[in-house]
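Two complexes come next, and they have one chain in common, subunit A, joined by subunit B in the first and subunit C in the second.
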Partner chain A sequence: MSIHIQQVNKHFGNFVAVDSVNLEIKTGELTALLGPSGSGKTTLLRIIAGLEQADSGIVKFNGEDITTQHVSERGVGFVFQHYALFKHMTVFENVAYGLTVRPRKTRPSKAEIAEKVHSLLKLVQLDWTADRYPSQLSGGQRQRIALARALAVEPKVLLLDEPFGALDAKVRAELRRWLRRLHDEINVTTVFVTHDQEEALEVADKIVVMNKGRIEQQGTPEEVYDTPSNPFVYEFLGNVNLFHARVKHGHSTIGNIHIPSPEHAEREEEQQGLAYVRPHEIEVLTQPTENAIKVNLDLVTIVGPVARLEVLTEIDEQLIHVELSKVQFKQLGISKGDNAWIQPRYSKVFLGEGI
Partner chain B sequence: MGKAVMKSVLPGFGITLGFSVLYLSLLFLLPVAGLFLFTLQMSWADFWVAISHPQVVASYKLSFAASFIGATINAVFGTLVAWVLVRYQFLGKKVVDALVDLPFALPTAVAGIALVTLYSTTGWVGQYLYLWGIKVAYSEIGVVIALTYIGLPFVVRTVQPVLADFSKELEEASASLGASRFTTIRRVILPAVLPALLTGYALAFAKAVGEYGSVIFISGNLPYRTEITPLLIVSKAEQYDYNGAAAIGVVMLAAAFILLLIINSLQWWASKRG
Partner chain C sequence: MNTLSPTTDHAITEAPWIKWSLIGLALSFLALFLVLPLAVVLYGAFEAGINVWWQAITDPDALAAIRLTLLVLIIVVPTNAIFGVAIAWAIAKFEFRGKTLLISIIDMPFAISPVVVGLIFVILFGAQGWFGPWLAAHDLKVIFAVPGIIIVIMFGTLPFVARELIPLMQQQGKDEEEASLTLGANGLKTFWYVTLPNIKWGLLYGVILCNARAMGEFGAVAVVSGRIRGETNTMPLHIEVLYNEYMFTAAFAVSSLLTGLALVTIVLKSMVEWKDERKHKTH
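What follows is the complex of A and B.
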């Protein structure tokens, strides 16, 4: 089931939650709506579900306009951040709910419902919890039950609102890998909302980056990470260092060093810009080299296999974050207070002052 | 560890428990025990005559039946009032919210007289009902109305906080799974408020069984028809028949205790499923 969103707007009082959004989601795709809180991603998801009515615009499923259809008729599976399981029902009753509320004519028989529920519980690997109550399960288990409950009605579209937001880091990581595998297995068109860029990069086929109710960029995880289309996406997807740069003829000058900027090859006049360099795109040298910035090592944090350095430039004491493997760092043989030279391997320059 | 005595993190258990027991004994256990002691002065035969007089039996029937009907009406409409107060924003909501507590604050005699004024055959509402052949004041219906009036806040105030805490997501989840509004209310919302509703029901019922002031004006106190049991106790006491009054009191106490026990076990059963 493909989803088309056309010119959708939503206001809450004076707050613009969704601002003229156009979006197309292909059948069977796993899409992440990624953005900071207040970016409109959850509102957009709820508009797709029918839990929220758009002020204007059109939502289509498979080309059919369903903008005014009630949530109970849309055939969507919705998974909430805080599970929203029915506390007074057992796990079995929860998963069966969507089938048992059907009108008598279309309701499957008891045996069929039982079979369906057990196969779903097997799918989420929680068959043994059928007779328990949600309060007897852990957060991760509850969310898997919520997913099974949503899948029971064989939704055309599966929508998940920060599904792992309430779980601890380890369970989160496990569940998102599991969701990816599950999606490959059942292949239902899925949209999930997250503010965690790592989660989006790891799980999704396609990432839609949102900010202030608008879509900033959409593409595969690699596309949005490697070639962010604007400074917001650059800063939102991972840490980044900013350097003042001058751009001309496809070359950028940062302080005393030069790096190629082929995207600005046509630039005849010298222009001011900001160069974005990710911490792991910086090389650290122990000897002065041409085209390197002299820095002083200010702080070293070793996080597992990764060494995170904070260095200060000699000229204007600008703080720069550098990331390299712990092994590489040990080979350099430098420690706090030592001088070093850094060289950006890759950067992207956005024109304009103080973006 | 030596002789170190573990001090509780929450000190004061002994003194608070001791005070609670003393307090409850003085206010509650002593009078109840007194009631039983009083009846011990009677012989079994006297006791039985006092509690099984047809006039008394008729009053039991009226008191418990009218209380039951009143509490049931409150369970339905009190929940509705709580729902409206929790779910909707409207002009004068605060006033309505405050009005719910009125039966707590208003002297019951005032309420009784007000109800008579409204519902007597010449009253504002009663005269029209009388045209339809419905006589409210000085009939069983009047008793039910008075008992409904005084029980309302119990249901509203117990159900209201539970509804306020009820997560909107559960309703949305139910709707997204294809349930109609009615199914959502029946299968998701009602089970969640049921324990609180039963508590409110029990309180409204208990209050109604013991109610005196607001009923005696509107009921007309016709022997065998609209006399409530508390009225008989008062009239016996007024005639210095303290033993008779105590005997009926014991019956009321036992009956109320059994009924509350049943409702509490229902409530326990309902909340255990949560």
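What follows is the complex of A and C.
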């Protein structure tokens, strides 16, 4: 089932939640709507589900206009951030709900329902919980039950609203890998909302980056990470250092050093811009070298295998974040207070002052 | 926490004599103002023996009062329960203009004196009232008749269910209802299978309170009923009539019946509270 969203708008009072969004989601794709809170990603998801009515615009499933169709008739599976399991029903009753509320004509027999529920519970590896109540399960287990419940109605589209947002880090990491495998197994068109860039990068086939109700960029995780189309996407997808730069002939000049900026190869006139450099794209040297910035090591944080450094430039005490492996850092043999030289390997320059 | 409690106990509790005098004070207050009157009612009712009690409550006028009170309950309680659920649903699950105003208006019946409530309806439906001539022309009687009694009692007990359910439903949010809708259930099925089971204890509690108040409502009813014996006297009004006519034993007998109903209500209420609490503990 493909999803087409055309010129969709949604306001809440004066707040513009979704601003003329156009989006196409292909059949069987796992898409992440990624953005900060208030970016309109959840509203867009709810408009696709039919839980929210767009002020204007069209939503199509497989080319069919379903903009005015009621949520109960759209055949979507929706998974909520806080599970939304029916508290007073057992796990079995929860998963069976979508089938038992069907009108008598289309309702499967009791035996068929039971079989379906048990096969779904097996799929989410929670077959043993059938007779328990949601309150007796952990958060991760509840979310898997919620997913089984959504899948019971054989939805054409699976929509997940920050599905792992309420879980702790370890369970989260496990569950998103599990979701990826599950998606490869059942292959239903899936859209999930997240504010966690790592989650989106890890799980999705396609990432749609949203900000202030608009789509900033869409593409594969690699595309959006490696070639962000604007400063917002660059900053949102990981840590970044900003430098004032001048660009010309595929090179940017930051202070007195030159670094390659291949996307501006054609530029003849020198222009002002902001250079974005990721912390792991900076080399640290212990000897003065041409084309390197002299810095003072201000703070070292070792997080597992990674060393995160905060250094201050000698010229204007600008704070720069650097990331390298712990092993590399140990080999450098420097510690807090020492001088060092840094050299950005690559920078992405967005033209214009004060973006 | 348990390991800490012995020390905290010492740290935060009062000296035994303070504790016991406070408990003693509270208990004697309760005995004086609650238990003693209750005992007096029962004593007064059965003082002349069970036969006199039985005669008093099987008196045709008393029976008429009991019947009228039950009739009022049968109409008022379900109506207010349905209204309460509807308004709590609207307030908790939807966003609309004037919501805060609506919440304050719901409380109005509690704020207005019952006598004033009675007068309001006399002004509206009385012979000289706004709709009086129209009602008279269609041969309808509201004031000094059963419809008037039902209206004022309905007005006075209107907030109980709604007030009980609004915070409950607001706290529960609408995730479960939305989940039900996405799973293909229509609005009615969603209400029946998801919303109602979630609010049933709160609803029952509100209904019990509404019932208790509807039985005992006096002030507003006194204004609109006209106190026609055997016709427009509810139980509280009948008791007053008996009392004014120096028929103390009969008055106490009917009072004991009303008190008995109240006690049953309290027991039911405690049971509902207890069940509700147990449910919260297991979930």
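Keep in mind that, in the parts below, the second predicted complex is superposed on the first by the 355 of 355 C-alpha atoms of A that agree within 3 Å, B and C clash if a C-alpha of one lies under 4 Å from a C-alpha of the other, contacts with A are read in each partner's own complex, and residues count from 1 in each chain.
Keep in mind that, in the parts below, contacts are C-beta pairs under 8 Å (C-beta built on N, C-alpha and C of every residue); 3 or more make two chains touch, one makes a residue touch a chain.
Model, not experiment: these values are computed from the prediction.
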item	value
Fit or clash - subunit C, subunit B, common subunit A	clash
Which of subunit B and subunit C A:Val16 touches, first, second, both or neither	neither
Partner chain in contact with A:Ala114 - subunit B first, subunit C second, else both or neither	neither
First, second, both or neither for A:Gly98, with subunit B first and subunit C second	both
Subunit B versus subunit C as contact partner of A:Leu351, first or second or both or neither	neither
Which of subunit B and subunit C A:Ile58 touches, first, second, both or neither	neither
Where subunit A meets both subunit C and subunit B, residue numbers	49-51, 70-78, 80, 82, 84-88, 97-98, 101-102, 133, 135, 146, 149-150, 152-153
Residues of subunit A that touch subunit B when the two form their complex	49-51, 70-78, 80, 82, 84-88, 97-98, 101-102, 133, 135, 146, 149-150, 152-153
Touching residues (chain side subunit A, partner subunit C) in the complex	49-51, 70-78, 80, 82, 84-88, 97-98, 101-102, 133, 135, 146, 149-150, 152-153
Of all residues in subunit C, those that touch subunit A in their complex	175-176, 178-186, 189, 193-194, 197-198, 282-283
Subunit A partner contacts - residues on subunit B that touch it in the complex	167, 169-170, 172-180, 183, 187-188, 191-192, 273-274
